[in-house]
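What follows are several structures.
In the two complexes below, chain A is the common chain; its partner is chain B in one and chain C in the other.
== the complex of A and B ==
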């Protein structure tokens, strides 16, 4: 009964909605109870180190793997039992696309365009040219980068309501990467598309993501609006003689050889830093996102 | 004015929406943007810099609240004409605020007494 109520709620509000996802590979924990929800129209940047569990999380959220426990909903339907109607409204680009490898890009686009009512042929032609893809060579003979670019064009051309990209930036040169970011930003802003993308290029995330989720060792350490992240978190440095007064609650804590200590701390509801920031010699440093993530992930 | 007049630095500790507001403030105070001048649309700025349109909207909204911009029906955002906010003293003082805060922080770190620092600042201002 509660599952039905939940289903109905997410149908009206969230594009993706996962809770309590747990998954393991060969005994090592890939996901340790992840809750993640994407509101329609948001662009969520998922960041984390290699092996943090980003691809596993994406696959579990889309129902491409069955998690050990937890639930996932896509556009209101249970991820493991998606209807064809919902599948037609989503597009997913994996890190290493493999489908339809015996076709050329042109043949694949021609074939797929019949399944998507809003297929944008003009976009395909423009972007094939701009992204320098040999459109008449079979996909199996393309480099991994070219292959992923073809798949990105495929995903964007279908004009999906929900676009999910796993490390799309790896395959793109700076010009194509900027093109992709522009597409993502404008589609979300204007067409109301919802986007989930994983990356380790922090500047990309900062440009287009409305929200950031930071996955570390299978756990979400941080999930908040991009604009607020830099203002909400900072590094607190305490000299050796004050290191015992370090707050208990911190996203990370590093001791230095001289006895001083650095912590990543968060403002409270009233916008104040922890009390320890006022100790003599204490220092609060504003951090760019990259520094913030390195500080937390190290 | 077109979108290229703004510079976006994702790596900076300053959030992108604040970068936009502060740049508009400086461009207006410095006279590069004149009262009544039309700003590029949210879409143009977002497209040019490949940034989220909501970030641009938020920046424009804040700039409007601060009296830097005005929304003109059917036209878009223009540099404020009424009561020229950019030229009042409060607005100009706010531009200096981050620099003053930084100087104050450095003075603390160097353990300099306040009156020494103020005296020197006084001298600099009177020069």
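== the complex of A and C ==
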């Protein structure tokens, strides 16, 4: 019953909605009860170190793997049981795409175009030409960057309402990366598409993401609008004599050889820093997105 | 001690996986020799002579272990380590003394002079080395050459290895092999050939991880690396005419690729030619020799022994190879998270639920089983032509059926996500392989009905083994089917 209510609720607002996702590989936890909700029309950048569980989270949210526990909904439908109507509205580009290596780009687009009702053939031709991809060479013989671009064209040509990209810029050169980000921003801005993309490149997040989610060791540590991060999080440094007063709740905690401590702290609901920030010698440092990422991930 | 170092050099130059494979193979050879000895003791017949055993050992050592020195020499040259490069060559010399010169001087097999025996061992070593140091297509030349020697040579009265006059053809063949190896060695050392090229020696292809499926090979996702190595004219051309939501089975086959993929007529003919032409070449050579020989009944018996045996072996082994290729390919498809599975999971228009499951199973099983069925029919025709004993007929016909059983059971296990642990699958695979091989040998054994092993006859033991295999496959298939029924959707990785 509650699942039905949840399904109905999800259908109204969230493009992606995951709760309590747990998954493990060969005994090690990849996801430890992750809750993540992606509102329609938003661009969420999922960031985290290698092995943090980003790809697993994306796969579990899209129903590409069956999590050990938890549930995931895509455009209001259970991820493991999507209807054709919802599938036609989703596009996903995996990290290092390898699918259909035996086809040429032209053959692959010809094949897939028959399944997507809103396939944009003109976009395919224009982009193949603009990105100078040899369309008649089998995909296995393309470079990793070319292969990734072919898959991005495939994803965008279906004119999806929900675009999920797993480290899409990993194999791209700076020009292609900028082209891709422009395309993502355009899709989100003009067509109102919802975008979820994972990345290591913080500058990409700052450029296009409206929200960021930070995944660390299978746990979601923060999820907020990108613009809020500078205001909401900071590094609190406490001298050695005050280190015992460090707040218990912090996103990260590092002890230094001289006994001082630095922590990543968050403002409370009233917009105040933890009380320890007012201790004598304590210092609050504003953090850029990259510094915040490094502080938490280290 | 340099000698110990030279002896260990090829072992050090071998990858860990290859070391395990060599160890396993040597274990298997020792077991086989042990079994042969026991068998001959039971049958009170004479043991196979030492010449045969030494030839086989030579062939394997020079094919599996020593070609690694070529890779070592290449790497040593690339790293500017000339001393190591020299040592690789010296190591080859040491092994030549140990495995060719020493046995020739120490053993004196009946019917051989020392020089003849040395030449025979050198030829085996040369064949082994050439097999790995030359491009893959030379393997065909070697196999055809061996068949010509084994079948046609006898009919034409060529002196067999060890007989007087054999030097006239053994020596030139050996010189040719050595020249070819030297040419390939030089080519590799000067980096004139890339490991991913179609012309690369077999040893470089193995080193390129093609054999253990890490980055290439038959089971790799679509064999991306294998596709990269092929020239464009050798690539399969997919038939895209009947794809789309209206043709789910055809579409799924296209997405599965490899042996499942629907091909254009030209491409299908070309693919068939790759498999059929070598067989036809063999058959044509045999027929031609029979005609030239004018031996009447002798030629006919030669034809029967050679041509039909090749078809029977092709039928038996062909079905097993097809099952192996199909399952390896499928297992990798269902293991790879970045390839076809996510694409198919999110592809709209494919049938869902039970209909989808049936369409997928049909798309996988029909292409795999139809070729196996065709081979079974070929085998059946051979049976009729060969007039073998009933027991031989039954066991020979069981071999493709066993391969089909493996295919069905493991397809269900892979797709249903119920694949047993690797050691269990491997153990069952080895059991099946041994059973199929023994069953294929039945027509070659004389009077099998009287052969006894332990308390029962060989045939009873074989029948029992087939019943065990059939039961296990049936149980595994049932387990796999349960997995298929229970899965939320079939494109979840195993």
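In the analysis below, the second predicted complex is superposed on the first by the 298 of 298 C-alpha atoms of A that agree within 3 Å, B and C clash if a C-alpha of one lies under 4 Å from a C-alpha of the other, contacts with A are read in each partner's own complex, and residues count from 1 in each chain.
What we mean here is this: contacts are C-beta pairs under 8 Å (C-beta built on N, C-alpha and C of every residue); 3 or more make two chains touch, one makes a residue touch a chain.
Since the model is a prediction, treat every value here as computed from it, not as a measurement.
Look at A:114: by the touch rule set out above, it reaches chain C but stays clear of chain B. Contacts of A:188 after superposition: chain B is touched, whereas chain C is not reached.
In the superposed pair of complexes, A:231 makes contact with chain B only, with no contact to chain C.
In the superposition on chain A, contact is made by A:178 with chain B only, not with chain C. When the shared chain is aligned, chain C comes close enough to touch A:62, but chain B does not.
Judged by the number of chain A residues each one touches, C leads among chain B and chain C.
Contacts of A:290 after superposition: chain B is touched, whereas chain C is not reached. In the superposed model, A:43 lies in contact with chain B only, and not with chain C. By the touch criterion defined above, A:99 reaches chain C but does not reach chain B. Shared contact residues of chain A with chain B and chain C: none. Across the complex, chain B meets chain A through its residues 8, 10-17, 42-43, 46-47, 49-55, 58. Those residues of chain A that touch chain C in the complex are listed here as 55, 59, 62-66, 80-85, 87-88, 90-92, 94-103, 107, 110-112, 114-117, 138, 140-141. Of all residues in chain A, those touching chain B in their complex are 43, 178, 181-182, 185-186, 188-190, 202-204, 206-210, 226-231, 286-291.
Residues 221-225, 227-228, 232, 235-236, 238, 240, 243-245, 251, 254-255, 257-258, 261, 336-343, 345-350, 352, 488-489, 491-493 of chain C touch chain A in their complex.
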